[in-house]
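One structure is given here, and the rest of the page talks about it.
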Amino acid sequence: MIPIDDSPLVRDGKVLILAYDHGLEHGPVDFTDVPESANPERTFEAATHPAVTTVAVQKGIAEAYYPSYEDDVNLLMKLNGTSNLWMGEPDSAVNCSVEYAYEVGADAVGFTLYGGSNHEIEMAEEFRAVQEEARAYELPVVMWSYPRGQGLKNDTSETTIAYAARLALELGADVAKVKYPGSKEGMEHAVRMAGKTKVVMSGGSKTTDREFLESVKAVMDAGGKGLAVGRNVWQREDPTRILDALERVIYEGASVDAALEE
Amino acid sequence: MIPIDDSPLVRDGKVLILAYDHGLEHGPVDFTDVPESANPERTFEAATHPAVTTVAVQKGIAEAYYPSYEDDVNLLMKLNGTSNLWMGEPDSAVNCSVEYAYEVGADAVGFTLYGGSNHEIEMAEEFRAVQEEARAYELPVVMWSYPRGQGLKNDTSETTIAYAARLALELGADVAKVKYPGSKEGMEHAVRMAGKTKVVMSGGSKTTDREFLESVKAVMDAGGKGLAVGRNVWQREDPTRILDALERVIYEGASVDAALEE
Amino acid sequence: MIPIDDSPLVRDGKVLILAYDHGLEHGPVDFTDVPESANPERTFEAATHPAVTTVAVQKGIAEAYYPSYEDDVNLLMKLNGTSNLWMGEPDSAVNCSVEYAYEVGADAVGFTLYGGSNHEIEMAEEFRAVQEEARAYELPVVMWSYPRGQGLKNDTSETTIAYAARLALELGADVAKVKYPGSKEGMEHAVRMAGKTKVVMSGGSKTTDREFLESVKAVMDAGGKGLAVGRNVWQREDPTRILDALERVIYEGASVDAALEE
Amino acid sequence: MIPIDDSPLVRDGKVLILAYDHGLEHGPVDFTDVPESANPERTFEAATHPAVTTVAVQKGIAEAYYPSYEDDVNLLMKLNGTSNLWMGEPDSAVNCSVEYAYEVGADAVGFTLYGGSNHEIEMAEEFRAVQEEARAYELPVVMWSYPRGQGLKNDTSETTIAYAARLALELGADVAKVKYPGSKEGMEHAVRMAGKTKVVMSGGSKTTDREFLESVKAVMDAGGKGLAVGRNVWQREDPTRILDALERVIYEGASVDAALEE
Amino acid sequence: MIPIDDSPLVRDGKVLILAYDHGLEHGPVDFTDVPESANPERTFEAATHPAVTTVAVQKGIAEAYYPSYEDDVNLLMKLNGTSNLWMGEPDSAVNCSVEYAYEVGADAVGFTLYGGSNHEIEMAEEFRAVQEEARAYELPVVMWSYPRGQGLKNDTSETTIAYAARLALELGADVAKVKYPGSKEGMEHAVRMAGKTKVVMSGGSKTTDREFLESVKAVMDAGGKGLAVGRNVWQREDPTRILDALERVIYEGASVDAALEE
């Protein structure tokens, strides 16, 4: 962890990453309900919302679409990722070098670590290289810290999420993206374990406005610093509406009721 | 994806790759019916047809035969490939470096990715290196995006082809070569998923003129940008005739009937 | 082994490493009894005690917390380590390069070798690279020498500990951190096998003051040069009290009774 | 394939490689019948015969013996090879770098590829590096193209040999060394598949003068460019006699009868 | 093989390596009978005997003890080695780079190759790198050529030892250290297979003076160039006495009786 509050990834100490790497990780199926969501431009448009501090995409999407948005959107290059056609133990291909991310204009980089996978050690060593190179380019590093694989009985237990948050701190991530452990207390535990590393919640699959915002509110109340969200934004017919609400909850400390009223 | 419309790989926004790496991938058996097709010169001659934007070959063929055709033919160096003697999970050896492809005079490079193979991650990481180096040499990158291997139940289903096209976009290919999903609608879905990455159909095994041209026509109507074809050209007694027809369908928007009439 | 008596890792020929990498190796569970121990600052504060020659942490902890303590604490960067979510044969990811450790301000580096693991050879080769690079930066090298894995029947037998100590000498570590073999005689054997390499005892899980100090005293009497201790310091309510006692036993040669009396 | 007719490997468009790497590949057993054949000097002496265009040896033999013969013999450095103590799938260690081969004075390099082995892809990638580096040093590349391993039912069938020859062309070898497929027709097929890459026959185990020369004659009549022979030369009491005959058959187009009469 | 007769490894064309890497390879158990043998200084003292051309140790021992003896002893850095805690197929970690060995003052380097192991190919490739780098530093290369592992029925048969010796020649070692095949005739066979590479006998486990010297005598009579001996020297109460006898047998051609009389 190094100080990143002055970086484009952060606004008032908070982080809202609009994640859009699902075309790689899940495939076209995620675009079924809202077909126009397959078009990256729709998400880049959403990312111009002031609540969003960065959009997180894979290299190919960044190359093709970011040039049209570089004045209005900050870019988080997700450096690894794998299709769900992959049948092996959880693992993630490194699809972009830090140097190339920098050339494309990235303001931050993201990296998945599957703690507990049979590929954990290989991934941790890839993370080391990425993290140290990111330091050289002064790019903040976000770890998608997702324990998963052989031997993981419950990857959203409070214990597992707390360990995930700690891994991010110990290994040198500036931001830890973890799943919601199901309660504010669970999130407080994770936040405490992460020390100076900022913890943000992974948005997960689409749910109702209220349910989603309540988890976000619990995260903020627990000391979390924000959110990395994808489907709960761009799988909605109107991404702007939920982003407005997120702005109120995350940056203005509004209650869920207040945020929903707008 | 970066803009490639001004590159030799593209003519009027369309692409017609004459693929001739079957001697490696399938072996001499593909040359049985038209014995003279074993001679690369015959395919290079065919590639002088204006419909063809590049010929795709492996390094050894390029070294030996391209010097005689470099004024009349554009070269796409296929960088990986493997014999069908290989019995393991789908994988492909990297047989040529980008730098060497450039020295031999390549105008573009091609790379196979077997999504879903147990070697997917290794191949994706090889692709990353190739793609980024190709950017440095300003060579367009074509991905042979062929989901295949353990766990793939149907590698020509509409769902699989759409995922294949999306992988090409997400990972940074400029052109996605995918199999024909069996219908114009299937191809439309793939084209939509590929975003700004151009989608071309893989020609597949030899069929009748009409059947072949109808699939090409469906691809073009679906928003596809062309074709990478091998056997359906050089396994014909007269490659020029079918190339004339392809020129009409791909570049002039002719109907299959009109194209066949000539 | 090279002479390290003039380095910050050593005081009067003795070594007391305050180890705090348990958040990675064991996870948050180690912080349960003393919740504030999860905060690295508490351990850095403890490390300002004159008995402590260095604090041993992973890269992320060093980046985030060491800058506030660099005038008062010496840093030993632990270069490898792995979560206990890992289910494979004992192995350890290299999480920090020597060069980066040096940039962060490390005064020494630490590396775990699991002799007897199916990853022993890979780890030994990683150690080679680390050790030789550490020589270039003039950083002392501490080996956590822990035989473990397939075929190890008893990893705290006198025989195994003696072999562990010898491995550190043979492979070029300046300090060997080994487990307590259960007796002064066992430690003498290990010390003899380590030759010019200093042997320090691994503190192990928390026990009573007397039991802990008696093992330390036995180590010193056996010719050991000190201690690498974590839980037996920071899992205590008052780390300072036990550090005071350690100072007396390690540097002043006091008896356990005398040390406990203070 | 690049033009190599002006290289020392070639005489009048033909190639005769005297192979002597059997001490590595087969071990001392190959020297049993003619004990003095264990001495590399005997083979280097034989290689001074004008029929021989290069002697093919491993690095160690080249280092030790080539300096005494460098004025009279051309050197083909065999870059990979493995003992027959190896029990795994067919594979071959890279025992010499191209750079070092060049320093020792090599005029050409040789490399084995076991198509169809579970190590085929790894070997093909090693070949790529070797081939491209050889281009930089302007050293012709000979591929020992030997399909072998899991799934190969018959490694001397006409089909397999033809594929082997094609692999050499596709991957960029200048000369393909293949086994004799048993007939002139089989060899013609292989030669046709190899295109501009020269095909030479692998001499195989020792046989009678007539039988051996007849296979050589069939190869030449089939369009083959020569021979890589070991045991059929140096396992004979008088290597010169058979080399005289080979000279007549290969370079002068003599019949077997005529060649044997001398 | 390159000429090494002028190097410190050789005296009058003969070689006597005093090996002391048993603390790594076998562990402390080898020091049980003569406890002071655990102290490397005792072996370095023995190595000042004029019969000894080099002492062979691992990096850590060299770093710690060689500086005090560099005026009186020549150093052979053993570059690989592994503890016997390792349960896998025979393999050996590369524990020291050639460059670092050179910096520490090595006069020669040593490397183990387990022909026939499932790691043979990996080890041969590591040997290649080491051998070529050693050439750059002008350091003679000694191969510990020990066929071992899956499929080896008898690793001290005459046939196996002869193959081991040949491997050293083929792969470019200057000296081959092989086990004693049990007879002078067996050693003659090995020596003949090794060609210009010098063959030395591996001393093996401790035996009586007479038995040991008789095997040495047989080696010298068979054309061997000397000995690499460890336990038969430093496991004796008086290393000097046996070294005196070795001097007579190896350098002066004395009979065993004559050597024992002194």
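Order as written gives the chain letters A, B, C, D and E; numbering starts at 1 within each chain.
Definition applied: a residue touches a chain if its C-beta (ideal position, glycine included) is under 8 Å from a C-beta of that chain, and two chains touch if they have at least 3 such contacts.
Molecules present, by chain and UniProt name: A, B, C, D, E = fructose-bisphosphate aldolase.
Everything numeric here is computed off the predicted structure, so don't read it as measured data.
Hopping across touching chains, the smallest step count from chain C to chain E is 1. Computed from the mean C-alpha positions, the centre of chain B lies at a distance of 57 Å from the centre of chain C. Chain centres here are Cα means. That of chain B falls 35 Å from that of chain D. Multi-chain contact residues of chain D, defined as those touching 2 or more other chains: none present. Think of the chains as beads on a loop: from chain B toward chain D, the beads read B, D, E, C, A.
Taken together, the chain A residues at the contact with chain C in this complex read 1-2, 115-116, 118, 120-122, 124-125, 127-128, 131-132, 135, 147, 150-152, 159, 162-163, 166-173, 189, 192-193, 195-197.
If you check the complex, the residues on chain B that touch chain D are 21, 23-24, 27-29, 31, 35, 38-40, 58-61, 63-65, 81-83, 85-88, 91-97, 100.
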